[in-house]
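First the structure, in the form of C-alpha cells, and then the observations on it.
A, B, C and D label the chains in the order they appear, each numbered from 1.
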C-alpha cells in the first residue's frame, strides 16, 4: 500500500508540528555557529505551508510537494529556504503524476531531493551541512526493502546518525564556515532539521 | 599665630590629596543622584591647582586663593566649577592683601565664600546642595574662639553634620532635583566634598 | 567597562582629533581650550551661534558646526559642562562683528559657566536657555527643566536665521519662540557607562525601564516595567502633548531620537507608532527627524520631541545646512 | 530581551511602516512581498540598482534607496536573506527598460535567493557578489568571504554610475572593479539579540572582544582581550592593509563604521587613530565616511573598510545622493 496525496499532506502537517516543537532548539543550534534564525525560518515556512494546505487540496502527491516547495521558497529565505525549496521541487518532479507513492518512488524522491540540494549548495559530505544528514538517508532508503514507512524510517535513522556526525566537523559551507576551527564541537542546525523532518515523515507513514 | 601664604599653599596641597583619595566615593555619590562626574571634576581641578602651585608662588594668602579660584573655574566645569571658583574668588577678595590670616580673616573668608555660592547658585538651606554643608560651617566658624585651626575644625565638624543632613532631603537644586522624590536617601556629593575640603584645611592648619 | 578608548583622561581630546580628521572641510578643532569652530569663521557680519555642553552626547554639539547651524561648539569633559574659557575662546574666534548668541541647555553647570563667560566677553553676547524636558516638573524653587532633544531643532532653526542675516535681537527672539514651542521626553532601556566612572550609572532588570530620563545617564523620574513599543511611545508622547499643549490642527516637527545604542530598526518602528498617534489626534506632521542626534553614550532608549511649527520655522528648517551630522540643500 | 518592539513576528513590517512615514518623499514601501522602492521608480532608461538582505543592519539597505543610490531594497526577516519573490517584485517595479543589477552580499542564503530570482526574472538581470571581509579565509572549497562594509561604498558608487546613465554592462564592470578594490574587518565588544531568538547570540566577559565578526551577531574568528582603541584599530587595519595589499601612494576612502551600539565619540576616536596609521604608511585618505551604516542591531563594536580609489570612483562618490541615510549635493 502506497502513499496518497492525503497521506503526504498528513506527513507535512506532522512535520510542521515537529518544526514548531523544535524551533527553539534549532535557533539555539544556529546561534552557536550561525546567526540564530534557522528554527524561526523553518517555523515561518511550515506555518505558511499549513495555511496553504488549509485552503488548497492538491490532487496528487507530486502536487503537494510542489506546493510545499514554492511556499518554502517564498517564505523561508536564508540558505534553508532555497535549499529545502529545491529539495521539495526536485522530489515533486521525481514522483511526477503518480497518484500513490510506493517505496521506489519515495527512494527516488529522496535521491532527487539530495541531488537538488547539492546542485544548488555545492556542499559535499563532510562540509557540516544538511547534506551530511541527507546523503546517508538516501543511501539507507535505497538499500532497505519493505513499506514506505520502513524506507522512511531507515532514512530517518541514517539522517540522525549523519546529523550527529557533523558535531566534530569544521564547517566549509554556510555561515558556520566563517568560524573556522571554532565551528567544531557543534551540531549543524540544518542537518538536525533534516533528520527531524525525515523522522516526522517516517512516523506519519507508520500511522497511515 | 596666623596663616601665611605658604600655610595656605600647604592646606591646598593637603586638600588636593584628599580630593584624590575620595574621587571614587564622590563619583559614586554623584552616580546615585546626578551624572557621576563630581569626583572626577574636582580631581581634575585640584590636579591643575597643584601644577600651578608647582610653578607659581603667590606672595599673599589672598593671591593663593585667587589662583585657586581661576584654576578651578577654567578646569572643573559643571556646577561645581563656577560654584567653588566663586567661593575661592570671594574668599580671596575678603582677605585682601593680608600677609597672614587670623581667625577673623578666616571666618570672614568663609562667610564670603558662602555668599558667593548663594549669589551664583541661588540655593537655600534644605535644597540638598553644598550650601547645606557650608552654611552651618560659616555659623560655627563665627561662633568659635581660638586659633585658625580651631575655627576651621569647628567649621569642618559643622560641615560634616550639614552634609549628613542632606541624606533625607528631596533635592530642589542641581541635577538631583530631576529625580524628585527619588533623590531622598542619598548624600549630596557637593555637600560631601565641601565637608572633605574643610576637614583637610582644618587638619593642615593644625599641623602648621 | 569595555570601550573603544585609549585612556579615560584623553577621550574627549582623542575623539576631537578624529572629528578634525573626518571633517576638516567643515570645521577646525582647537585644543586648550577645546573649541570646535566652523572652518570659515568668523563670518563677517553674521551673528555667531555658539553652543556647547558636556561630551558624550554626540553628534551634539560639534556635529552641528558648519554652514547654516553652529559657528562653534564647546565640548566639556564627558557629561560635564564646559568652562568659561572655552566659551570665551569660541566667541573670540567666531564673532564677525554682529555679536554672538549662546545656546545653553538648562543645567546648573551649563548655565553658570556660560553666564560667567557672557559676563567676561568683550563682544556683544546674548544667551538663551532651552528647557524642553517635560519629565521634570517646573517650579520657581528648583533648577527647572532640562534642555534635551529640542536643542537640536533650536540650533538648526536659529542657525539658519543667522545664516540668512538676521541680527542678534532677531535671533534671540526667534530662539525664544522655538523654546516656547518645543517639548520632549525620553526613556532608557539600559544605562550607560561614563569612561572616568567605569561602571554603569544605574542597573536595570531585564524587564524594567527608566522613564523621564535626561541625557546624562542619570536615572529617570520613575522605574517601570518595559512594555511594548506602543506603550513606550504613548508614555513619552502623552505628557509631551499635554504639556504645551499640542492640539488638533497643529503642524509639528516630530523628532524621534535614539539615546545612542538603540538600533535604527527599533527607532523607525517607534517613529511609525508616533506618527500614527499624532494622525489620530489630528496633528499634522510636516517635518520629521529620525536618528541618533542627542545621545547618552551607548544608552539604549529613545526620546520624542515635538515642535509646533509656523511658516518661518519651516522655511528655516528647510534652509541649507552643511555639518557633519545634518546636511541638506548643499 | 528589552527592545522597542511590539511583537518579534511583525518587527520588520512595523519598522518599514515607520520608514515609510519618515521618508515618503524618497521611497515607497510595499508589503507582501516587502520591498522598499525609490519614490519615482521606474526611472525610464536607467539601470535599476537593487540590493537586499536580512533586516537588522539598518540603515543598510532600505536607508540607501533614493536618487543616486538604490532603486529598491528587499528586506528579509532579521538576519535572514530575502526570498526570490521579493527580488522579483523589486525588479518588476524598478526596471525602466535598461535592466537591473543585483548587488548581493556573499552569504549562501543571499546568493541562492538572488540567484533563483535572477533565473526567474523577465527583465535583463545581472548580479554581482561582494565579499570584502578579510576575517574569513578564502578558499575554493568554502562559502568564501562575507560581504560587509564595502557594500555601502559599492552601492553608492554604482548607484551614481547608474544615475548618470551608465548601461548594465558598465555598471556591472564598475561594480567588479569596486569589489576588487575594497576590504573590511570588524570586531564586537558586545553581542546582539535577535528579536525572535530573545537571547544574545554569544556571551563575552567584561574584558573580552570578538575579532573578525560579520554582521549577523555571529561570533568572530577569535576571542581576545579587549585592549586599547589603538590596539583595536591596528587589529582591524593591519589585515585589511595586507590583504589587497594597500601600499604607500594609494589613495583611499576610509570608512569607520559602528556596529550599531557604539557611541559616536568612540567611533571618531577610532577614526582618528586609523587616519594616523594610514598617514604613517604614506596612504592618502581622500574621502571618509564615519557613522552607523551597516550594523548588527544593538551590537557594540566597529568595522573598518578601505577602498582604493581611482578618479572615476571619487567622482562617483562625490556625485549627488539623496537617501534617508546618505545625502549630499541635493
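Things to note:
Here, a residue touches a chain if its C-beta (ideal position, glycine included) is under 8 Å from a C-beta of that chain, and two chains touch if they have at least 3 such contacts.
By chain, UniProt protein names: A, B = Dihydroxyacetone kinase subunit L; C, D = Dihydroxyacetone kinase subunit DhaK.
Everything numeric here is computed off the predicted structure, so don't read it as measured data.
Relative to the C-alpha centre of subunit C, the farthest chain centre belongs to A.
In terms of their C-alpha centroids, the spacing between subunit B and subunit C amounts to 32 Å. Each chain gets one centre point, the mean of its Cα atoms, and the points for subunit C and subunit D are 29 Å apart. Taking the mean of the C-alpha atoms as each chain's centre, subunit B and subunit D sit 54 Å apart.
Separating the CA-averaged centres of subunit A and subunit B is a span of 75 Å.
Of all residues in subunit D, those that touch two or more other chains are 78.
Residue numbers of subunit B whose C-beta contacts span two or more other chains: none are found.
Judged by the touch criterion defined above, the protein chains link up one after another in an open path, with no loop closing it. In summary, the structure contains touching chain pairs A-D, B-C, C-D.
Considering their complex, residues 33, 54, 76-85, 107-109, 112-113, 115-116, 135-137, 139, 141-143, 146, 194, 196-197, 199, 201-202, 214, 216-219, 221 of subunit C touch subunit B.
If you check the complex, the residues on subunit D that touch subunit C are 1-7, 11-12, 14-22, 55-56, 58-59, 63, 78, 189-190, 192, 206-207, 209, 226, 228-230, 232, 256, 260-273, 275-276, 285, 288, 290, 292, 295, 297-298, 300, 302, 327-330.
Residues 27, 31, 33-37, 40-41, 44, 73-83, 120-121, 172-175, 177-180, 182 of subunit A are the ones that touch subunit D when the two sit in their complex.
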